[in-house]
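To keep things simple, chains are lettered A, B, C, D, E and F as they appear, and every chain counts its residues starting from 1.
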Amino acid sequence: SGINTYAHLPHDRCLIDKNLTFDVGIIGIPYDSSVSYRPGARFGPQAIRAASQRQFSYRGFNFRAGINPYQQWAKVIDCGDVPVTPMDSSLALKMMTAAFDNLLSRESAYEGSSMPPRLVSLGGDHSIILPIIRNLYKVYGPITVLHFDSHLDTWSPEKYPSYWQSEASEFNHGSMLWMAKEEGLLSEHNIHAGLRTRLSGTDWSDYLEDDHLGFHRIESDEILKIGLDGIIGKIRRLLPKNSPVYISVDIDVLDPSAAPGTGTVEVGGWLTRELVYILRSLEDVFIVGADVVEVSPPFDQSEITALAASQIVYELVTSMVK
Amino acid sequence: SGINTYAHLPHDRCLIDKNLTFDVGIIGIPYDSSVSYRPGARFGPQAIRAASQRQFSYRGFNFRAGINPYQQWAKVIDCGDVPVTPMDSSLALKMMTAAFDNLLSRESAYEGSSMPPRLVSLGGDHSIILPIIRNLYKVYGPITVLHFDSHLDTWSPEKYPSYWQSEASEFNHGSMLWMAKEEGLLSEHNIHAGLRTRLSGTDWSDYLEDDHLGFHRIESDEILKIGLDGIIGKIRRLLPKNSPVYISVDIDVLDPSAAPGTGTVEVGGWLTRELVYILRSLEDVFIVGADVVEVSPPFDQSEITALAASQIVYELVTSMVK
Amino acid sequence: SGINTYAHLPHDRCLIDKNLTFDVGIIGIPYDSSVSYRPGARFGPQAIRAASQRQFSYRGFNFRAGINPYQQWAKVIDCGDVPVTPMDSSLALKMMTAAFDNLLSRESAYEGSSMPPRLVSLGGDHSIILPIIRNLYKVYGPITVLHFDSHLDTWSPEKYPSYWQSEASEFNHGSMLWMAKEEGLLSEHNIHAGLRTRLSGTDWSDYLEDDHLGFHRIESDEILKIGLDGIIGKIRRLLPKNSPVYISVDIDVLDPSAAPGTGTVEVGGWLTRELVYILRSLEDVFIVGADVVEVSPPFDQSEITALAASQIVYELVTSMVK
Amino acid sequence: SGINTYAHLPHDRCLIDKNLTFDVGIIGIPYDSSVSYRPGARFGPQAIRAASQRQFSYRGFNFRAGINPYQQWAKVIDCGDVPVTPMDSSLALKMMTAAFDNLLSRESAYEGSSMPPRLVSLGGDHSIILPIIRNLYKVYGPITVLHFDSHLDTWSPEKYPSYWQSEASEFNHGSMLWMAKEEGLLSEHNIHAGLRTRLSGTDWSDYLEDDHLGFHRIESDEILKIGLDGIIGKIRRLLPKNSPVYISVDIDVLDPSAAPGTGTVEVGGWLTRELVYILRSLEDVFIVGADVVEVSPPFDQSEITALAASQIVYELVTSMVK
Amino acid sequence: SGINTYAHLPHDRCLIDKNLTFDVGIIGIPYDSSVSYRPGARFGPQAIRAASQRQFSYRGFNFRAGINPYQQWAKVIDCGDVPVTPMDSSLALKMMTAAFDNLLSRESAYEGSSMPPRLVSLGGDHSIILPIIRNLYKVYGPITVLHFDSHLDTWSPEKYPSYWQSEASEFNHGSMLWMAKEEGLLSEHNIHAGLRTRLSGTDWSDYLEDDHLGFHRIESDEILKIGLDGIIGKIRRLLPKNSPVYISVDIDVLDPSAAPGTGTVEVGGWLTRELVYILRSLEDVFIVGADVVEVSPPFDQSEITALAASQIVYELVTSMVK
Amino acid sequence: SGINTYAHLPHDRCLIDKNLTFDVGIIGIPYDSSVSYRPGARFGPQAIRAASQRQFSYRGFNFRAGINPYQQWAKVIDCGDVPVTPMDSSLALKMMTAAFDNLLSRESAYEGSSMPPRLVSLGGDHSIILPIIRNLYKVYGPITVLHFDSHLDTWSPEKYPSYWQSEASEFNHGSMLWMAKEEGLLSEHNIHAGLRTRLSGTDWSDYLEDDHLGFHRIESDEILKIGLDGIIGKIRRLLPKNSPVYISVDIDVLDPSAAPGTGTVEVGGWLTRELVYILRSLEDVFIVGADVVEVSPPFDQSEITALAASQIVYELVTSMVK
């Protein structure tokens, strides 16, 4: 009808309508005040929705999966955006935390489901997963994070050298996984996939600290050595069975040629077809939530980053519904 | 809530909900299959909505008019888009005609109003006004068009030289005012404002034919001779009082520096501040409908064309409501 | 001399000069009125020509093929563009059909050739191949289509849901292969290569219908499983020997990173080097015509889509001439 | 030498070298965490420096003023940027405040000057002027602000409706002049020039509150009524003589056609030539500091916004030095 | 026919076909190796031709002039481009000089004309006018230049400070008018219009030297003081009657908002409508040649600079033909 | 501090401060006057520096190499740019030659080093390596060039057909390796990697001439046949041990999707991750100098070309320092 929802899905104001039930909700988090370099991801949700306009439920059959995720058992809706201030990161964190507390205390639409609805969050910068994981932990206990990113995002806040420190600036898009682990929200079997960041100092201490936080690492270049199947095998071996998994896709895991529209670009990443192929090979995972973050439209070109993100959302919903 | 409606106005599916009443409706017409050169205006409605996201009813007071158009007596809503095929202009014309027939047979929300709701249409190419005027004529009788454009748009179809002619290709964005006049839908006091198009042949025959169609012409360059007040005075003198006026704004009336995102650009146009000033000086006109057309996002830069269009919509709504 | 022809080739007005003979003609079809989403491909011919300006016959030796296609036995010329209206798809279809009827009734320049000149068409949207195949059929009988595309383009028109149907809207860039097959113009051994489109409904019915139309399918992701050589082997096995083949390259077969400038983008496609490699491995095919379509300059960046298309044209001409 | 300083001026690290003296310092404030809409102004200083690379002191004679500001009595340098966190606006405010406290406690290079060096700040978002004015007040007492902007920037923080309020979010780019006035830092004779913002609610209360804060208002449209000379006359009459004036140029005072690269665009602004003409007519004002803010390079096109800003800096330095 | 010539005019290879006669020739000079800052103007001719594609002789009536310049007495053609090396400015100068010597020794097509054909040159950087004026001088004697530019272009080469000097680097786009005057090619009544460049040193010496070279100066800002009619009056008074005039339009005379696609941008210029209005008011001048230079497509946006240039060419041809 | 140096390294004016010692210098050469097609590489150094701003020595550990190149034994600095005229290629060649003569006659900072400092040059077009190699030859004798490029760059100048020849135009970005070899500056074991250029004429004569010049060739497509490890093996076998190697990276070796911002684009190149992987596998080579050239910012998108170049510089410095 001209009003952009994700894939023309029905829109409900999930946060306000307390009696609403649903199974999978697409929800935007237009927040980018915790980035270290280029902002703009606050417009990510709007851009991903615009890039999804060639998706319709009547032509939504996913040939890779053999289902149409919008016409299965699940009620899939677009929840709109979480309200969040750009000017005070502490307040923003509270707002996002309250929103997900609200959403994860709902019932699913599908009869017999004992889980709350599952959410695919559209970032926003990567810091938004801290409030999400805090609330998932309350429902499911420790969460295993499958983290696609060129960066570690497990830097302790003091690794960001600056003149002054503050509690608010600890909440940033490079430290939220460190915070999540410190708070006890994560399992011991988390995975980074697609890494290629420069590290602090003159030795491997960032990696050592990351080990202590319970993360396995798959570097971007490994695909050149063990191939795509090697990457998939590694993830499948490392990922715990039957325990709650959260899939977080920082779009900067992709190569800049495929995803220029992001804030902290690292050359030498994966191709979109490779990432989609990996995601499709993980269908039997117990996914309790997912996101696509760091899509920054002001730096995008011809929508290619938003289109990649839109496809990833589609694949994530497919996996949740299958 | 993250779902783009014009100015965050409430959205209703006006075409489907037959019992819906409203006073002013913003409606998109994503149609550009009747253009002679660069297409893309089918994405105009979406772009104008996106560019209006800094408008909210709580901060909508128009300092130029002294009212907040979203908090006056009128119920102003976003009707979404008219469904329209891009692949068959004859069929598209039928679809648009039916849609406006539908919309103009409604009652207004405001008690005591004897008019149907008034619509501000977001183009789409300029041909969309033919179905609009056909339906306005059914309600109001002959319409006076105040036509802001760098082009005449009163060319008879045979002035588009080509190898073959066809009925369908007669419906194009340069001939629809000729067709409207031929069909008897227009008054004798229509006005073109902002003209600067090249003409056919080697003499003034285009202008002569335009005279016969009942149009007055104000060329773009006149602002350099008689000033902005001169332009306004001329329009006010020419425009009939107390008879139904339709205001059509082809965004290419603006200079390319202010509105690069359009299909048939003509250098040397008016500045946005001049157009807004003119529009604001015409508040006492009996406006029965209005549009902003030919916004072509693929050729826009930094949203400036869409922002201009969004402002013009706001000014048109202000005039309708005042 | 400053006037852009493809690769600085000599320009003749092939449609008008009835006595002109040539062997390979590059011809533009600036038509995009049958697209379902983003228009702009009408400017494809102009953009491909501009992107070919670094090609000259004196430096045209193709190291992949071992010949200089512009200095072999063949007279290769730029025929300019087919005149075609954007405003009436039925009329446009007639205009294009007449143009190819005209061109394919010529004699070749090369003595002893019993074929008419062969044409490499620059789209325009993909619907342009219907009039081409209609005329090729008249010369050669049933044609085998090797169809590089992310989409099937064999959808029956009624699979495009809309409020009204019409005959004119049946002619669109997703149904022309269905129409061609229905009209009996195609062989039973056609191939889609590079598919990754979403399908209709909740099952494989699109694929089943495609089977019935005589198409084999190679999905984009197969390159991740069987490698580039696997793809080539599959095409070579499927393609009939010694029968007339038409090669149609929808530029959206490429990944959006390599070809952002197109209308209906699908993430996860092939790299340009892969497509060129495939094309070069098919030199012994009896090519009776070819095209590159769906290049949409308004969405291109730094000419990369047009450059890819320009290279593909060069490779296609090489194959025709070798 | 290839290292971009503003206008190839010598660079000193003013904040670190405590013994450094200078007369006019260009200083960047790469901070944009207090914006309400599009971020990106943190890259403003870098873009303005890049756009100034065609300025050299040996070809720096300002024909409008009759002097070369880089070869007069004053030592003009580029101080580099203030370090400032993007992730905690409260901390950022402290960092900026300390930086200007530091800078304004220096001595000038020019013998006999009793003033500290004067600074031209490159924003950054408009909120950066709060720490600047706080420190100017400490040196000069109440400051008169000549505020070029399409927005009031005197909104009390509670006029930004949101779900929760917080102290940190009060510090934003629309409220800092309200805060400055509340803190007693401003005179009673401040001027807004170029206004065209929508206002809160349904009446003139924003303007009334602005009156109470000691501001005069010149709307953008007045140039259409009283002309450029009228605007200049008005400013000159309103501006107090012989008292310290701070000139703040929010680049959004310009029309979007001239300055697309900013965060909160308002159509219908002044042309660059008009703004420069106004600035040049105010040479006899006692300028104690100045800025150009809200230049957001991700939204700029062909550098035109940064070029305008670079020119404005040049004119401001000229006025300070003359 | 799809092959871009200026305004779809017939194309002849004027330099090669020695027997060709014509009255007005459009000729491209794809040379930009004498620029001091951003190159790219070598693609100017191609861009101006592309931007002229909406011009056709059958719809070419100029309403400002009352004629259709393409259907008057004159044979107007597109001569293509002058061949010119980008890698050796001395050689390039020789190539351009020979080309114009060739062209200006032809006869006109119009019977009774005693003049050679007149050329409208599409730059290229501004240095291209030196070989043009050298050859015009040979035909007409001293030439009066009406020079629209934001820059003087009468700087003696030694005003470009550098480590080494050379004869070749004297030929640059800021000194060619100095060279032309030194060589005795110009009259004493030349005019700069639209100036706003910074000057050398600390005084008016650039202007003084310009005086000695026989130039009058009209600064850009004068339009704010004496209005558009004032500018026109000044030019008309200064321009000698009945003596040969060359009109050179450096596109940077326009404001960056109207002409971002140029190499050495100066903010605060004229609007396109103002320049066109000035050009149209000079119809009775004896124009022996003209150009539009410094259009640099890599920095253009949405073709607006090329469109402005294309319009200026149209107006110049109109004046030549009228 | 806001002043862009490469990777925030300390800046010294290496050419002017004759007593300065250092081990690795990053130096810009803003010269593009020897290109055959699109200029713009003169802004390459500035763009590469801007794209390196997310590099800091405190977070500079290279996980691929296991060292932090900025905190090893070596003093790494940014030398700024070489001054060079754009308007006279002969003079420019002299200026560049003198600059490298100057730089390569310095002593290293590292005690015990008998080599002069090593330089990583930021182009600029590819012709800049002629003056570099001339000076390296004076220090080290014949140099082996490892040349990453889609083009041969060993064309003898007469292979550039044109109307006139000249000595200055022999110095161009396609012939400098031919000139270097002719002058005896190169070894017999040079390597081209990534070739995919069209060749002259109708046979392999370009390759034959290249053989005679002592070059081995690795075509771009070989990666599709022998894989990335095959490419690396081939380079390692061909590259002489213990003799001085110069690594030259023409950014057009990358695919246009990864490096659109260059002048002479060839589709079908390597991915950035492949090039980085190759570079990292060559750490034991005796590198005496290196460059990244042909980065042309006006044609770049979202900085992706400059980011790739910035990463390559980082890898080259890593190899030099390891």
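Criterion: contacts are C-beta pairs under 8 Å (C-beta built on N, C-alpha and C of every residue); 3 or more make two chains touch, one makes a residue touch a chain.
These figures come from a predicted structure and were not determined experimentally.
Common partners of subunit D and subunit F, by the touch rule above, are A, E. Between subunit B and subunit F, the least number of touch steps comes to 2. Listed by label, the chains touching subunit D and subunit E alike are B, F.
Note: Cα superposition of subunit C onto subunit D, rotation of 180 degrees, nearest 5. Distance from subunit A peaks, on a Cα-centroid basis, for E. With centres defined by CA atoms alone, the chain at the far end from subunit F is B. At the interface between subunit C and subunit F, two copies of one sequence, fewer than half of the residue numbers in use are shared by both copies. Taking the mean of the C-alpha atoms as each chain's centre, subunit B and subunit E sit 39 Å apart.
Chain geometry summary: the mean Cα position of subunit C and that of subunit E are 42 Å apart.
With touch defined as above, residues shared between interfaces to two or more other chains in subunit D number as follows: 255, 257-258, 299, 301. Inter-chain contacts occur between A-B, A-C, A-D, A-F, B-C, B-D, B-E, C-E, C-F, D-E, D-F, E-F. Here subunit A touches subunit F in the complex through residues 37, 161, 195-204, 206-207, 219-221, 224, 255-258, 260-261, 264-265, 267-269, 299-301, going by the rule given at the top.
Across the complex, subunit E meets subunit C through its residues 1-5, 11, 13, 28, 30, 45-46, 49-50, 78, 80-81.
Residues of subunit D touching subunit E in their complex: 54-55, 58-64, 66-68, 71-72, 228, 255, 257-258, 271-274, 276-277, 301-304, 307-308, 311. By the touch rule above, subunit E contacts subunit F in their complex via residues 32-36, 38-40, 42-43, 83, 85-91, 94-95, 162-164, 166, 168-169, 171-172, 298-299.
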